[in-house]
Structure formats: C-alpha cells, structure tokens
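One chain, subunit A, links the two complexes that follow: it is found with subunit B in the first and with subunit C in the second.
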Partner chain A sequence: MFDILEPLLFFVFAIGIIGAGACVVLLRRITAQALLMALTFASMAGMFLLLGAETIALFQVLIYVGAITILILFGVMFTKQDDRGYGLFFQRQTPWAAAITLVIGVPVAFLAFSFKDPITPSAKGGDLIPLAGSLFTDYAFPFEVASVLLLAALVGAIVLVKQDER
Partner chain B sequence: MTVPLGAFIAVSAGLFFIGAAGVLVRRNAVVILMCVELMLNASNLALVAFSRRAGQLGAGNPLDQRGSVFVVFVFVIAAAEVAVGLAIILAAYRNRPTVNVDEIRGMKG
Partner chain C sequence: MPIGPFGIDPVIWAVLRLVIAAGLAVFVLLNGALAQTLLERKVQAWMQDRLGPYHVGPYGLLQSVADALKLLTKEDIRAKLTDAPFFLAAPAIVFTPILASFVVLPFSSDVMGANLSVGLLYLTTLGSMTVLGIVIAGWASNNKYSLMGGLRSAGQLISYEVPQILGLVTVVLYVGSLSMVDITNSQPGPLVNALFLPFAFVTYFIAALAETNRNPFDLPEAESELVAGFLTEYSGMRWAIFFLSEYGAITVVCAIMTTLWFGGWHGPGVDAAPLLGVLWFTLKTYGFVLLFMWIRATLPRLRIDQLMGFCWKVLIPLALVNIMASAVIILAFADPRLALAIVNWLLLGGLVFGLPFTQRRRLLGFRKRTRESVAMRDVRLSP
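Up next, the complex of A and B:
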C-alpha cells in the first residue's frame, strides 16, 4: 500500500506547486495571489519531506509559509493596488517569446527527465544531525557571514522605511 | 514504486519557468517580488533533490549534506531579499503612490 502512497503524494504536491504557482502569475487579485504563494511554499515543504529532508521542510514552513508570506501581505496592505494586469502579455512579441521558450524549455525538459535514479527516503534518523554537523563545522564561517548579512538587511530595511523627522 | 529524480527536477524547472515568466510579465512590484521567491524556491527543490542523489550514489559521505546547507543559505538570502525589497517598495511608494514598475522612474535620468 505504501508503494502507491509516495507517487500519489508526489502528484498532489506537484499539482499544488505548479497550479498555485501558475495562479500567482495569472490571477489579478493580489491577496489571493499571496495566499496561493503560501500554498506553493507549503506544497514545496511536502516535496522536501518526500525527499527525506525533514529539517529543510521545517525551515520552509517556518520561514516561507510563516515569515515571508506575512511580510508580503504587509506589503500588499501598505500599498494601494491598482494592477493593470499584464504589461507586455498580448503584444506582437508573443510568437518570439513562444519560440524562445520552446528552444530553452524542451532541452531542459529532456535533461530533467533523463535522471531516472529512484529517490528512496533516508534510512534512519532524519537529516538534522548531519545537517547541523556540516553547518557548524565545515560551513561555520559562511554561517557567521550569513548572520551579518541578516543584520545588515534588518538595519537597511529599518533605515529605508523610517520617516524623516526633519 | 518510487518517484524518480527526474520528476522532482521537472517540477523544479516548471516552477522556475513560471516564476521567470511572472517577473517578466507582471508590472506590480509586489507580484514581481513573489515571483522571485517562487524562483528561489524552485532552485531549493533542485538542490535538495540532487543532494539526495549524491548521497545515494555513494559519491562521498552518505551523510554529506552540502545541498541542504546551500538551501539554508538560500533561505537566509531570500529572507533578507524580501525584507529589503519590501522596504524599497514602501520607500518608493511614499515618494510616489504607485506599485506599478512602469511608473516608478525616479532614478531614470
């Protein structure tokens, strides 16, 4: 029974990712778009679970579904939305765009489906301990640099949004 | 019956295409930011899938989590990017109340 469960879950998550992602691009209601983006991120967390990366799935839910979606929703509510829709969508460049998309997309599709290795979930214990070991020994310096980057982004965001008091 | 690696990569490529199309087609700055997030997330899926394969093929340590470490850094970059991006959008909005990127020409000479 579990043999069929894994492809079934994969299809559910794939439809969630591709369908909700397409709706983010095609819809014109900004709040629905933001919530569908959250659905895309949640389905992506399910994909990470299927790949056996539980810690990454947890980070995905915490950071993307939690923090980034809320930030985007704040951005939506602080601005007046008068989206006039597709800027360049129905112009005469459409045949060119379709041709270029085919030229890029067909090789990418062939390349993607050329990987036929089955993905089996990791045997035991999850990925938290190897991930933490790798992150805090081999990649300790980039980790610290990332913390400095986050601090710089925090200060920069505050400075950008702060009202002038003069 | 397991899911092949190519299916994950195909989903990743599809989401990346969708995000790229959204960045090019939409004119709303907040929607463009959302589509950039979609593209970053698609790259995360490819990184985790290939990392899992490298661990299975015995290319080095099976406990090697390099792909997942990169995904963690991508999370950091994405969080910083969306915070600074929204701050820039709000600052531009205060200057001129629109989020349409065609109408924001303040830095054009």
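Up next, the complex of A and C:
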C-alpha cells in the first residue's frame, strides 16, 4: 500500500511545484503570485520529505514559507498597486529568455533522464547529525562565506534605509 | 503475517492511528479553547474584582458552550470588496499549522502522535507558518485597520522568531537532541532544565508571548487603535477559527515550555503509572496558560517601536551571548550544569536589573511627570 503512496505523493508535489511555479509567472495578481510561490516552496519541502531529508524539509518551510514569503508580501503591501500589466515589462526580452532557457534547459533535461544514482538514500530521520557534520567540517568555508555575504546584505540594507531618511 | 497492536493488520493500524491522532488533536484543541476562553474571562474577572460570566450554567461554567453555539449559528458575513479566495482561506491557513503541531506534543511516554527526531524544529516551523495566514487575512479584508494589523503582525512575528529560536537552541545544545521525548527524558528528577537555563526560558517565554499575539505584545489586534486589527472584517465561525488558533497556539507554546524546561510528563508516581504523565503534563501546561492570563490582566500594551527595540537591542544580543557561553561551557566541562546555571542566572539578573538601570533617566522623567501632574491636580482641587 505504501508503494502506491510514494509515487502518488511525488505527483502531488510535482504538480504543486510546476503548476504553482507556472502560475507565479503567468498570473497578473501580485498577492496571488506571492502565495503560489509559498505553495511552490511547500511542495519542495514535500519533495525533501520524500527523499528522507526531514531537517532540510523543515528548514525549507521555516525559512521560505515562514519568512521569505512574508517579506515579499510585506514588500507588495507597502508598494503602490495599480492596474498596469506586470507582464508587459518583460515582453521585449522574450527571445533572449527563450535562448537562455534552451541553453540551460536542454542539458539539464538530458542529464536528468540519463542520470542513475547507484547509491540508495540513507535511512530516514537520521539526517540532522550528518548534515551538521558536513556543514561545520567539509563545507565550513562556503558556510562562512555565505554568512559574510548575508551580513553584508544586512548592513547594506540598513545603510540604504538610513540614506532614505535624510 | 505480522499482527499490529490489538490484533489489527499493521497497514490498517497505520491509517487508523493517523485518524485517531487527528481526531484527538481536534478534540483537545476545540475543548482546550472552550475551557481557556472561560478560564480567561474568569481569571481576569477575579483579578479585576468582578464576577465574570455567571448566567449560563452553575457559576457560568457553560458560558463558552453557549458562545460556541452562538458563533456557529451566526450568519456568515463577507464584505463586498474583500478578496474572496484569500479572505476565506486565511482562517484555514492560520488554523492548520496549529492543529498539526499537536502531533508531536508528548503528553506522556505512551500518549503522543509521533516521536519525530526533529520534533522541536517541526513545532518551530509550524509556528512560523501562522504569520502567513494573518498577513493574508489583513490584506484580503481590504480595510486599512486590517492591513495595519497584518503588517504589524508580520514585523512582530518575524522579529520575535529570532529570540524564540535562540532560546530553544540553548536547550538543544545542552540536551543534544531535537526530539521532544529525548528532551523530556533528559530531566527525570526534580532538577529540571529551568534551574540551569533560566535565561533561555525567559527569552523563550517573552518571545512566545509575542508569537501568540498576547499582551503586552497584542499589537496586531490592538482594540484601542486598530478596531480589531486583522480580525476587523471577520465574524461568526471564521472569527472563531482565528480564536481557536490563538488558544491552540498558546497551548502549544506552553507545552513546549513544559517539555523543554519543566520536565514534561515527569512527576510523582509516573514510573508506576505512565498514564499519570498526561495529568502532570496538562497541569504544567495549564500553569503556563494561567501565567499568560495573569500577564494579560496586569500589563499594558507596548508601543511598536518599544516592541522592536526590546527584541533587537535587548533580547537577541543577550540570547546570542547566552548561546556562545553555553556552547563553550558544554564543550569545556564534562558536567556543565553548574557553570551553565551560573552564566544563565547572571544573564537573567543582568536583564532584570540592567534594563531599569539603562533606562533610569527615562524612569526618573516618568516619576517626575507623574508627581507634577498629581501636584497640579491637588492645586486644582484645593478651594
């Protein structure tokens, strides 16, 4: 019975990611777009759960659904809303977008269909300690670089706001 | 063929267990909210020297049942210019994470929905999701008071999430596990974590007050300024679902405090009769619920700049200091409890006595102004 459940959940999450992602691009209402983005993030978390990475799934929801979507909504609500079509702004770049998508998309699709991972996923639930181990030993330097980048962004944001005030 | 509990097929048992757990969660949440609304009104009435509800049933015990019936039968009103799909979805978005939180609460060593290895992270994550619903409710109501409430809520909840998680991290560092069961089992005796980590507890407690929109942090629904904040346009059962979620959230954060700092289900006689743990857990949790009500009956509301300033300038730096000191101590000592206790009590003392000290000029100003206004009144009153 659980053998049917897993592919079923996979399809639910896949439809969630792709469908909501497409709606984010195609819809015209910006609040709906922000919410559908939250749905995309949540479906991604579901995918992580299916892969047995509970911790990453929960962090995905905590950071993307709980914080980043809120910040986007915050931004949307504080900016002026009018009925101008948001899609028009991007329309001149369609050929460029198509070209870049092809260049990146075709190899990705090719890799995705030819890729076979011989290693079976590790046992479920125990991913927190290996995650912490790799984050603080093998990937300590990228981790620190990311922290410094975020700190710089934080300081930059404060500086920008301060200039606005004057 | 393997046989599960009660001689039921394990595949059917897995589904059945899920249904039972969900049913119990709904039951506990709904009845908890009924009990807490009554408790809240009675406790506040006693503290303010009033009677509180006393018409329905003996001592007014059935008041919340009558209120629930009234709310259920009320007409479902929606203003014309609200954003229909979001307006209708917002209560559900707030309510669902709260309901899902009940799955990992360890009521006793046997009574719990699931023992997740990342249970605490799960609870934090679900707690952060309710903001989304509140912001959407504020936006979709198409009302400036609602929008203000939603925006305040977003700012407040995102800010106070930081000290909340920092408070939890100290306990997780000390216990070495995110599982609610492991954390409970690490404090079987009378020496509960609250004795070693009081500062982490106070950080979490204050942040939890803000996270559940309780006084003195109930700015998103400040009645005196914003009508009812993000709840302004809601009525009937949709409004009631927001309140169910609020009381559910209070129960969840109180249960987290019970588990992390006060030994969870442990108490006298639990080893002999494990089901007694449910009683101890519930009693401890409702102790904190009562504390929340006491605070609501006592303290005035903060201003938004005071609220943000307190979070970013006081709570977060002190919590970071606490985490750094705790990490070093836990690495350095085989039995870190004494050193942890010293650092934590010092930090707590610093918070309790340092804050009035740094604000002494402002406090003196307040006192002077009060004295002057009293003197003015006396002058006016004298013949």
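A few notes on this one:
Assume the second predicted complex is superposed on the first by the 124 of 166 C-alpha atoms of A that agree within 3 Å, B and C clash if a C-alpha of one lies under 4 Å from a C-alpha of the other, contacts with A are read in each partner's own complex, and residues count from 1 in each chain.
The criterion applied here is as follows: contacts are C-beta pairs under 8 Å (C-beta built on N, C-alpha and C of every residue); 3 or more make two chains touch, one makes a residue touch a chain.
Computed from a predicted structure; not experimentally measured.
When the two complexes are overlaid on their common chain A, residue A:V12 makes contact with neither subunit B nor subunit C.
By the touch criterion defined above, A:T55 reaches both subunit B and subunit C. Shared-chain residue A:G66: touches subunit C; no touch with subunit B.
Counted by residues of subunit A touched, the larger count belongs to B, out of subunit B and subunit C.
Shared-chain residue A:A98: touches no atom of subunit B or subunit C. In the superposed model, A:G21 makes contact with subunit B only, not with subunit C. Of the two partner chains placed by the overlay, only subunit C lies in contact with A:M77; subunit B stays clear of it. By the touch criterion stated above, A:A38 is placed in contact with subunit C alone, subunit B being left untouched. Under the contact criterion defined above, the residues of subunit A that touch both subunit B in one complex and subunit C in the other are 55, 59, 67, 71, 74, 78. Residues of subunit C touching subunit A in their complex: 11, 83, 86, 116-118, 121-122, 124-125, 128-129, 131-132, 135-136, 139, 147, 150-151, 154-155, 157-158, 161, 178. Residues of subunit A touching subunit C in their complex: 1-2, 31-32, 35, 38, 54-55, 58-59, 61-62, 65-67, 69-71, 73-74, 77-78, 125-126, 128.
Taken in their complex, subunit A has these residues touching subunit B: 3-4, 6-7, 10, 14, 17-18, 21-22, 24-25, 30, 33-34, 37, 40-41, 44, 47-48, 50-53, 55-56, 59-60, 63-64, 67-68, 71-72, 74-76, 78-89, 101, 105, 108-109, 111-120, 122, 127, 130-131, 133-135, 138-139, 142, 146, 149-150, 152-154, 156-158, 160-161.
Across the complex, subunit A is touched by residues 1-15, 17-19, 21-22, 24-28, 30-31, 33-35, 37-38, 41, 44-45, 48-49, 51-53, 55-57, 63-66, 68-69, 71-73, 75-84, 86-91, 93, 97-100, 102 of subunit B.
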